[in-house]
Structures are given as C-alpha cells and as structure tokens.
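What follows is a structure written as structure tokens; I'll ask about it next.
So that you can tell them apart, the chains are marked A, B, C and D in the order they are listed, and the count of residues begins at 1 in each.
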Amino acid sequence: MINKVVNNAQDALLGVENGMTFMLGGFGLCGIPENCISELVRLGVSNLTCISNNAGVDDFGLGLLLKKHQIKKMISSYVGENEEFERQMLSGEMDVELIPQGTLAERCRATGAGIPAFYTPAGYGTEVAEGKETREFNGKMYVLEHAFNPEFAFVKAWKGDTAGNLIFKGTARNFNPMMAMAGKITVAEVEELVEAGELDPNQIHTPGIFVQRIFQGKDYEKRIEQRTVTQKS
Amino acid sequence: MINKVVNNAQDALLGVENGMTFMLGGFGLCGIPENCISELVRLGVSNLTCISNNAGVDDFGLGLLLKKHQIKKMISSYVGENEEFERQMLSGEMDVELIPQGTLAERCRATGAGIPAFYTPAGYGTEVAEGKETREFNGKMYVLEHAFNPEFAFVKAWKGDTAGNLIFKGTARNFNPMMAMAGKITVAEVEELVEAGELDPNQIHTPGIFVQRIFQGKDYEKRIEQRTVTQKS
Amino acid sequence: MALSKQEIAQRIAQELQDKWYVNLGIGIPTLVANYIPKNIDVVFQSENGMLSMGPFPIEGEEDADLINAGKQTVTILKGGSLFDSALSFAMIRGQHVQLTVLGAMEVSQNGDIANWKIPGKMVKGMGGAMDLVASAENIIVAMMHTDKSGASKLLKRCSLPLTGVNCVKKVVTNLAYLEIKNNAFYLIERAPGVSVEEIKAATEGTLIVEGEIPEMKF
Amino acid sequence: MALSKQEIAQRIAQELQDKWYVNLGIGIPTLVANYIPKNIDVVFQSENGMLSMGPFPIEGEEDADLINAGKQTVTILKGGSLFDSALSFAMIRGQHVQLTVLGAMEVSQNGDIANWKIPGKMVKGMGGAMDLVASAENIIVAMMHTDKSGASKLLKRCSLPLTGVNCVKKVVTNLAYLEIKNNAFYLIERAPGVSVEEIKAATEGTLIVEGEIPEMKF
C-alpha cells in the first residue's frame, strides 16, 4: 500500500504557483473541493487557468477566487449565477472559454487516459467548432477535441482511504472522477478519511493510483443553490 | 422504472441471426456470459463475428462455438490456450483480427459513448497500424482507431436488478461494462436478479439504460483456467 | 387561446412513449415530468449524473449531494443509478436517451437551434445543450412562438449563435405543434382557439399548412 | 555464471522505487514480485482490472472471479481496487503506472521490441503488451540473452513483427544488465562471473562497453 495522506490543505497544495492550470471538480456547488479553494484564496496565487464545469456563485466556490482576481482564464460549460464573473468576462478582465459539458467531461477523461484527441458531434456547425478540424464518420459530422494539460486537479470525495481510493456520493460525483485521472498532481479532499482496507475494493469509484495526495477536509458548508421541496401533503 | 426482465436465455436471444456481429464480455473464462454462449450453441447460428478479448478454451466459453464452426471472424487481443482455434486460424477456416487489449477496451467504450474515433499510441509502428491513419501529438505518434458496430452485446454480471442495473464482482468486471454500453441490444445474464431498489444507486457499475434484456442465469460453472495457490505454512 | 407554459408541457408529454429514457432541459421542459401518461414507464436522465430522477424532496429531506442539472434539490426513484459526467454524456452521445426536450430562443426551418448566447448580453454558456442536440435522434423544442415584442422565434435562419444544426424535428409553442422537414415548418396542430392565420402571422419561417389543421386535445 | 530466471527477476527488483505502480508481464517478470526491497512500497497493477494484486490464495480459497492477467487465481491486498478494462488501460496509456516489466523474443538497439508473434507459428495475440510498451515511460525487458540455438536476441534490428518501437530503455538478461540509448546497447553490469567477451559474443546489436563493467550485486 502506498500512503497518500497529507495533514491538511496547506500541505496538499505544496507546489501550487502563479500561472498554473488547475482542474476543479463539482457541478454548481455540488461536490466542489471547498477546502482546496479556501487554501487557494489564502495562498493568493494568481494568473490561474481554471477548468471547472461552473464558476461558483458570487460568495462561494470559485466565486471566491474570482472576487480576488486570481483567475486569468476560465474553461467551463456554464457560468451563470455569478454577477462578478459576468462583469469580469464582459469587461475583458478575464478570459473565458465555453465548451459543451460532455466535451468537457470527455476531454478530462482523455487527459487522464492517454488519449490525445477524439471526435465528438457536440458543437459541430457552431462557433465552438470554429478553427477546429471537422470530419465525417458514417454520414455524420464530428469535431476533433483534444486533451488538457493541467498541473493540479482538486477533487472532493465523500469517503477516501489512505491509499487514495475514493467513493463519491449522489450527484456530487459529476466531474470529480475524470479530473482525478487528469491531474499531474491530484489532490483529493474527503469528508471521511479511513484506513486502507475499510472500503470495499469492488465499490471504489476512483482507484488510488490517480490520487497523489489525500486529506481529511473540514468545515464543509455544502451549500444548496436551489432549495426545491415538495410540501408534505 | 422500465422493466427489462426476460424469462431466460432463449427469450433474451430473440432476434439473433446468422451473420451478425456480437460482443461477449469476459477475460479468459472469468466473467463470460455462460448462459448466452450455451444458447448460441443451441441455436446453431453461424457466420458470426465475435468481439471478445479471448476465445475461450477448447471445451468451454467461445471454444464451444468454435468447435461447431459458428464463428466466421474473431476480433480479440489474445487467443492462446485453444488448439482448435489455432487450427482454424492457421488453416484459414476462420478470420482473426488481433488488436491491442487497451485499444479493444477503448473501442468498445467509444462504440457505446458516441465517439466514432480516437487516437491511441498502442500499436504505432507495428503491423496493427498498417493501413491506419497515424498522427503526431506533442511529439509522440498515435494511431486513429474506430468504434465497432455490434448488433448484440452479451454480458455477465454478479447482481442485477429488474431495471437492468448491474454490479460486477472482482476481476469478472473486465470488458463487461464497456460492451454493455455498446450493444444495439445488450443482454445481461446475472448470478442474482433482485428487485429494483435493492441495489444501492451509488454502487451500480452499469446503469440500466444500457441494458435491454436481463435474466437470471443458471448452472454457472465459473471454471478456473490456472488454479494457482499458496500452500498453508 | 394560446397555451400556458403548463399546457405546452402537457402537450409535449403526449409524445412520450413507453420505455423511453428522457432528458428534460431547464424551464418549460422540466414541467413535462408532471404530465406523464398513466399507462407508460419513462425514466428521466439528469446529465449531471443520475437516472430515474424523482420529484423534489419533502421539506427537511433536501440533500446537497443530490441535485438535478438545474442545481435544484431532487430525489432518486427505485431502480435509479448515479454516475459521473463522462458516463452521463456517453449515454447522451451514444443515443441511449430516446428523447431530449429543451427550450430555445430561436429555431430555424432547417432545424437549427439557438439557445445559449446573446452576444454582448447573455453569455452563460451552453451547459450540456450542444451535446444533447448534436446527439439526440428525437428532439422536441418547447418555446414561446414570439418574443415579448411580438417578433417571431420560428425563423428562416437563426440570428443568434447556434447551439446545433439540422437537429430539431418538433416544436411545441404556445400557439402550435409543428414539425420541421423539407426546410419548412409543417403545422400539425393548433392551440385550442388559435387560428391558422394567427400562427402564420407569428411565423417568420416558411409555414406549410396542408389540409384541415386540428386543434390540440388534452 | 549466467543468471537463473529467479536471479534476473531479483536484479530487476532492485530497480523498483518507493511509491511506484508496477505492471508485471507473464513469465520471468511475474517473479519480480518475490524480491521487492524491504524498505519500499510498490503496488502491482493487473491489466484485467486490479490494483494491489497480492499472492496466490491459500489452497481452498481460490475465487474464479479474482484472477490476474495470466488467468491465475490471485488475491487482492488492503487498499486495492477493482475496475473495468477501459479504466485499466486508461491508467496504462495515461502513464499512471511507473514501470512495466515484460518478456521479449527480440529487442533491437533502437529500443524496438518483438514479443507477440512468430508468423505462421505462434499467433496468440499481443494482449495488453502493445498498450504497455507504447505508453510506459519506463520499460524493463526481462529475457534470455540468446535463444536455444545460441543466436542473439539483442539485435541490430528485430526480425519478428514488432510489439512497439523505440520504447525499451533497459534490458536484464541472464548475462547482463544493459541500457539502450544512441542506437546501441550500453553494457552496465555483468552477471557474476560472466566476462565482457562472453556478452559481446552473445550480442548481435552494437554493444558499447565504457570503462570497467562491474558485476551485479545481490
């Protein structure tokens, strides 16, 4: 067993520098690496390129990095729900590359899986395909999309063990498993860190080989963006 | 909930015809769809193209179809351990396409995932790449590989529910999940069929959407190819 | 009278077929789930990683780790499953989802759709919409026939940046149910009490009216 | 004296580094697992879908559902995980496995390797070998220096169909430990009691001998 445990977010983010490219897991505020984001804010690293499906809200998630102007470029599929983001984007202070959600997920997977490029139908005939190679297969048109090259990936899991194995909960899984595959250094923060051997090897979502550092997260807020309920009848 | 249950292998293989292309899960004899293979033998369908990592042994697994000359072409990564196979291949009675194991797995996944083609480094500079497009990405050479187009996929799972959700056990998972994604009709046979709701949705390996027919298998032999043990000290 | 948003959803729900997996977009499409015909089984896919999405949770039982693609708290039904975004879009691109229902800002008579960007104004991103429209065999667009100023949203050519090309086959608006083929909108049904003339006036693209056009039935 | 297969494995085991994930091929490479240095942690990957592969099970505890890539019954250690073949080769192609050890029928001085096919004779298939050699940063070949007739297997050019090109960096044979660079075999260590002359005689490819060549230490 190779032990991947580090003490805290501070130790986990050792080596993080200005100008780096990061992947950050999560969909909306669900399954985001809260502790890592807080530490990035504390470190004050800037000129970052962040690959993340969304950009948080004004006062939480990646919104915290935006507020401090730490992000030079966002690569996302959907960035609504964030006024400061919209301001920085429209004013040109920040660069934004919007790509289809499935393409984003598949490019993350490709990065970790040693696939330099693949064809997808998403975005063909739209501005997303501008400047990209297109090609017909069986009468349908596809766009060639490439892998990323991030220095760090920050992911959040429900349970993890000392060998770096991860299990996610509910829809908090989302982009986390593919991003975990993709980081040159992958940092996993978990709600519950257990000893190797306590998780069923048959139920691991992300095998420990993909994780370089793991730590027990703390003070999770797990904010709900849209609290929708059915009234008891 | 959409109910995918059929009574038995006979009902599950309805529509199987001569000349079709099948995917069959398993690695060696581990995780092979024993009941489906028996039914294919009983039906006597012939001129089949079979995509499967291995070709069974002389008297079990796909070897049973080989013996009856039902297979026209095998697409596999490794076909040792089977004398009748070697005889048919060397004599030219059967066509064989050997492809790297990782390429086979990824092509199965691509088939199910709507990815018509992708680049992989495996086989570059070898006879596997002959006639295929090659290309450089970041100073390394890659080969363009394509999705398959199978009519049926036959997979074997440990547990399954009436909605078609599957859980595999140990290394019997292997090619089964990707092949389950890839079949126009995917047939899953399971050791234990339970009601929808009995499996934890967080622990499903293959979501039911990929499975068109599921049935409770019977009389599993689960043969061991190489019984290796450590003597009690 | 023109349909309400609920009625648009209700009309679309009539198109659902037994054993279909369905992806519903945000807005009117979400409402379709309230009108599933009694005698059929359908399963809702949420592209953030869930099959068999159920209704909103009972108050007090919300789980921050269980949301839909609109970031709303939801539940999961028996027989459901959870998975990552790559597998979710594998389902979508691989055409395992039989129907996609989504909203649009514009649709053109050749089946193009624009619903993700108003240059200089709204730049929220396409989310999963481009994957959905590029992949689905069967796409129904739910939309208002005209914008607030009365300008048609069913056009000869879209003016906004496209989400997908040649992909929309059916449109249900507050005024009509239309099919797109042969580079035209074919009028299939009218909203109850809405005349063919009214629909013609509200449609900028080529509108084909063949024979008597029936009213929708609910 | 020339090394036994066990000793070849033992010498290769000295190359293992702490925290490495390692894929061992069938044959001599499998034996490497028996000689892991005491002070380091390594994890074995089995390409049929397992990390932290352990020793053979105690008699009576064999599980048909738990085998290695050689189809042998094995066990899984604490901290291990199970996964499908696509994820397994994602690990391999994505260079998450730090070392691959495999056998070869021929190796050439430019790092080509042939180990899967003898035309007209042995056509078992490449299994995962082509993915492994095309992907791994660090490949050690374990092989006999010559074939049964005494012909060299370390060649200027491979005569058999290739498994991969320009990929092998290190070779450990029964006679020597060699590194491949600059289109040549560099002799690094001799098997105990084997002379440089013997190694030269057994090597068809260009052999570079720089300075005194030490004997292997065990």
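Heads up, the rule we're going with is that contacts are C-beta pairs under 8 Å (C-beta built on N, C-alpha and C of every residue); 3 or more make two chains touch, one makes a residue touch a chain.
Quick caveat, the model's predicted, so the values are computed rather than measured.
Contact with chain A and chain C alike is made by B. Simply put, of B-D and B-C, more C-beta pairs touch at B-D. Between the CA-based centres of chain B and chain D the separation comes to 28 Å, rounded to the whole angstrom. Between chain A and chain B, the centres computed from C-alpha atoms are 33 Å apart.
Chain D has its Cα centroid 56 Å from the Cα centroid of chain C. Note: centroid distance chain B to chain C, computed from Cα atoms, is 36 Å.
Residues of chain C in contact with at least two other chains: 76, 82-83, 89, 92-93, 135. Residue positions of chain A with contacts to 2 or more other chains are 106, 109, 113-115, 120-121, 168-170, 202. The full set of touching chain pairs reads A-B, A-C, A-D, B-C, B-D.
The touching residues of chain C, counted against chain A in their complex, run 46-50, 55-68, 70-74, 76, 82-86, 88-89, 92-93, 112, 120, 123-131, 134-135, 161-166. Those residues of chain A lying in contact with chain D across their complex are 1-3, 109, 111-115, 161-163, 165, 181, 196-197, 201-202, 204, 207-210. Here chain C touches chain B in the complex through residues 19, 21, 41-43, 45, 51-52, 76-83, 87, 89-97, 135, going by the rule given at the top. Of all residues in chain B, only 106, 110, 113-121, 137-138, 140, 142, 146, 167-170, 202-203 touch chain A in the complex they form.
On chain A, the positions that touch chain C within their shared complex are 27-31, 53, 76-81, 86, 89-90, 96, 98, 100-106, 108-109, 120-128, 158, 168-178, 205, 222-232.
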